[in-house]
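Below are structures written as structure tokens.
Shared chain: subunit A. Partners: subunit B in the first complex, subunit C in the second.
Take a look at the complex of A and B:
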């Protein structure tokens, strides 16, 4: 297991990058602790796979360094990095039994037979593959094959890190639940350094201690699930995390009061935000953010509420989802009770504790 | 379009892909086919489309027997998991192609319809590009636009969002709900995901291993699944299932560890039975008591997964393993003791062979 450091790391597929848009990966410096579980989360094209490929050695970055336990591995080939990888689709030997498949990485390293048996038994038990050990891998379902791939990735205790590239994409929702939980248990038990690439926020947030959120080649925030949900530092994190994502409403400030659609609110505003708005460029984009979970809906006007209209109401079985038209903006709300019928008026209130402020997409506290 | 399947089945050699089933789609509405991989969703759709001929049974469209009538002679449109467009045509020509095939439409007419459709699917900016120069989301929007512009009476969508990023899926899903709300088209939408079905609403056909399990209003099925298998297929996170013994006083004993007194209405549904299976949806469990008659379950936490806006807690009580879906962020260490509460009335009761005996009323949900 290793501590992984990325030092001024950047990558451009162009020979002479000039503007930020020439970079697949914008300059970043980060340290990932030994034995941590990290997820790289973002939409297609955000640079997460490029970053994973740099760590695995498939891509040599155009700038900066990758260090494993302080040792520069930037230019080392994959096989010299001592890492294990699990891919989107199962990569296993069909002609071998499940046991032989799991034992393969250990056999290659010259492990003793008794030690191999012990370790394979341990991994098989965690992944509930014990009863399949004797079977040939070719006869198994796609799900079981992917479990073997996961097992092969996890079987060596001495790797610097295990890299996962969207390993649950082909798995049915029900089994996803099980495998996500298994991965988390394995991490707890074996203390391996795990790096997991996905576009699925549920997978990333449930799997990882720390989630690295990326968009357009930039790391916009690194944090725990709770921090990313409650304290998004960038509007992209607010939008991307949560279903639906955070409501991001353009607003203005006059006489130290925040206005939405010209309507005055009683929200308390951080000093730094007032300063940024009053002294900043007129071109600054000013927004407030509130999560649908924290929007309060009232059937009648109450103090400090904003008048809106219900444009969509849906019973989601476990909760209600409403879309409210607030002037020209749409505000999503997640509610425990039915808020009213489509078309009826509704009053929205935002609490100061749950409302965050953004200037040019960056949070100002 | 009114589409009815009468006793259709599909066999390939000795293998049965679809057991005989009879179902009438709800015209002008969204009809969801919900089921895991290999449930028979695609097989069923191909029979509806006329891409395959049923081994037995009839396909009736608007009262006319169309069994065996090939797809090109039927007025329908289909969108697949893979993004299928004409690679050599621009996005504009891709969308225009069904209108050109129909013939006898003026260029002016085609231009205005394509522009309007592109506008609705937010791809107006890419009309001059070729599909290969688009992101996956834009490619699938193009395929959807081409399908929608046909204004066919029947629109078949086979897991159309499964290959898209999580966040894009969420956005397109809510757009699709609006696009389909005109009521002119009968839409069939296959998915493996319960939450997708709930978000789309409409009516649902639940499938499992080639059999139709239940057909009805989406929310009604979610609230009262007719069998354990339907409840499993339609629960994410998985529904907690607990085999229980009943005594003469209407107390259900689970694993000799949990003694749950059933309510009068529950008792009325289990008269004369000694063995049942209790089902409790994950969202029915809470960390705090809200009602006087809440059942308190003293448990140990196996794992807490935080997904951003929700926390999934896996825990056990004696030999019973359960999962709870809690709203908000809850930090619970592995191994700690926690008390979970639920309303006995929120418990589903199934017969020992899986048939529904009691479903909770939705008033308090």
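Take a look at the complex of A and C:
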């Protein structure tokens, strides 16, 4: 059990980093509360595995500190950190039985045989591995193997946090769900801190209380599923979370009105945004964002609507997905009813509460 | 009613033809020789199992077989652990890895009779660097006169020549182990020995099986190097099976006994390889009940 703090943490695999692109992990300061379930979400190569390996001690960061309960462990080796890690592919010791696999970390720490047996039985019970204890681990299915890797972490009673590095990648879809539920159960039962790395937003949002969204070595937002969905602080979060992602439309501002494609809208604009646009550099990229779920479509022109054309309509079973051509931009909309035929005109309206504004990819309120 | 299309036989005909010429016909020729006494051109008498009986009772052959077994066992016992050990100490990446790979592989590139010649000179007591040095430290060493010295020299030469093969196989096997295994072992607090015992060795099982089989078969058939180095001497000290066979077939032109022995030789290698293979298949995989 421990609170994990990252202070001005940054990492580069190069010896003398000069530009931000040399960094695998850009400077960050963050606190992970004891007993929390966190997910690290981001596309492949965004630095999430690097961050995980820094926490577990497999990688020593080039800058900054890692604190466990206020104690500096930055340079402490993995085995001294009370961290358990589950990898993308199940790591098991082929020649050992399931029991020997689970006992291995305790044996290495010099436990007595009787204590080991008791503890292993206990953990096997939680993981539903009791019937397999006598079997050789190499003969089991991928999900059972992954449970063993997890079990080797859980047997140590002093474990502060369990780190997961995309642990469900090689698991069958129908077992994924079971295993994920098992994880939540264990989290609930043992009150451990869990940090879960994934590039799958569904996995992240269903598993974690707090999701840390990363891209290109940078943490762009930390928040619950709802916050990430409703109030993305960065265009990347808007685009990455949700299916389809947020509509991000380049826009301009004149006379305190937002214009899309030169068409004036009645959206109310935050003061800060006007200020940033009017006083900022001409090279600033200015966008507005709206979730497909909040785009309203009308068959006829109504007040404050923008004319567009339906370019694609698809029945998704529970809803309709429409793609509308608004000038040179595409706008996706999730609708409850069929919006019309492909090629027919349609009018779109965006509500002010649901429309967010971004300058250079960062949200401005 | 089934329709048979016998044209398909033509598809496997090329294979049958090439296997017939490369394996079946030569082998059957040997079988043919082994049951006949060839007195001269077009003069052959069928003698049945006669040659097999004679060969089995030949005490020279017993000696050669015994020497051969001891030699092959020594080769395996020394080369396999040594190969694993060297592979474990080799760097995993960078220019050092390339350099050490090239250095290790060098002996494998040298033709067998050249290896024999190199060692013949290298180990000479009067002018050879190795032989002369050993004599100068006060140990009497003479591979042309002393049976034990000769036997050891052949063994050391084989170790120098063929351990690199084991090293390369193990090195490839080690590089194929994903990093996650080592990381998991660190998290589990495993010692260096535990990492070797529970991760590296089990993961090397398949390459080691290949290494053991190759080294067994090759060492059991060793011919060129001892032939060049010692000519089988002194006495019979380094006369191994294939050299004994050559003496019989080419030296004395006893085609019948030589053929009979060839077949026995072939069966011995097959039998031992089979036993080794099955043993290695099983070791470390049995379920504990």
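The rule we apply is simple: the second predicted complex is superposed on the first by the 309 of 365 C-alpha atoms of A that agree within 3 Å, B and C clash if a C-alpha of one lies under 4 Å from a C-alpha of the other, contacts with A are read in each partner's own complex, and residues count from 1 in each chain.
Convention: a residue touches a chain if its C-beta (ideal position, glycine included) is under 8 Å from a C-beta of that chain, and two chains touch if they have at least 3 such contacts.
In this text, all values refer to a predicted model and were calculated from it rather than measured experimentally.
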item: Contacts of A:229 with subunit B and subunit C, given as first, second, both or neither; value: first
item: Which of subunit B and subunit C A:3 touches, first, second, both or neither; value: neither
item: Contacts of A:243 with subunit B and subunit C, given as first, second, both or neither; value: first
item: Which of subunit B and subunit C A:259 touches, first, second, both or neither; value: neither
item: First (subunit B), second (subunit C), both or neither touched by A:354; value: neither
item: Touched partner set for A:184, first subunit B, second subunit C, both or neither; value: first
item: Subunit A: partner with more touched residues, subunit B or subunit C; value: B
item: Which superposed partner A:329 touches (first subunit B, second subunit C, both, neither); value: neither
item: Residue numbers on subunit C that touch subunit A, as the complex places them; value: 178, 180-181, 183-184, 186-191, 194, 198-199, 202-203, 284-285, 287-289
item: Touching residues (chain side subunit A, partner subunit C) in the complex; value: 53, 56, 58, 77-79, 83-85, 87-89, 91, 93-97, 104-105, 108-109, 134-136, 138-139, 149, 152-153
item: Interfacial residue positions of subunit A with respect to subunit B in the complex; value: 43-45, 172-174, 177, 180-181, 184-185, 188, 199-202, 205-206, 224-226, 228-230, 239-245, 291, 293, 314-319, 321, 334
item: For the subunit B and subunit A complex, residues of the former touching the latter; value: 36-37, 135-136, 165-168, 170, 174, 192-195, 198-199, 201, 219, 222-223, 232, 236-238, 281, 283, 303, 305-309, 312, 314, 323, 325, 327-329, 331, 334
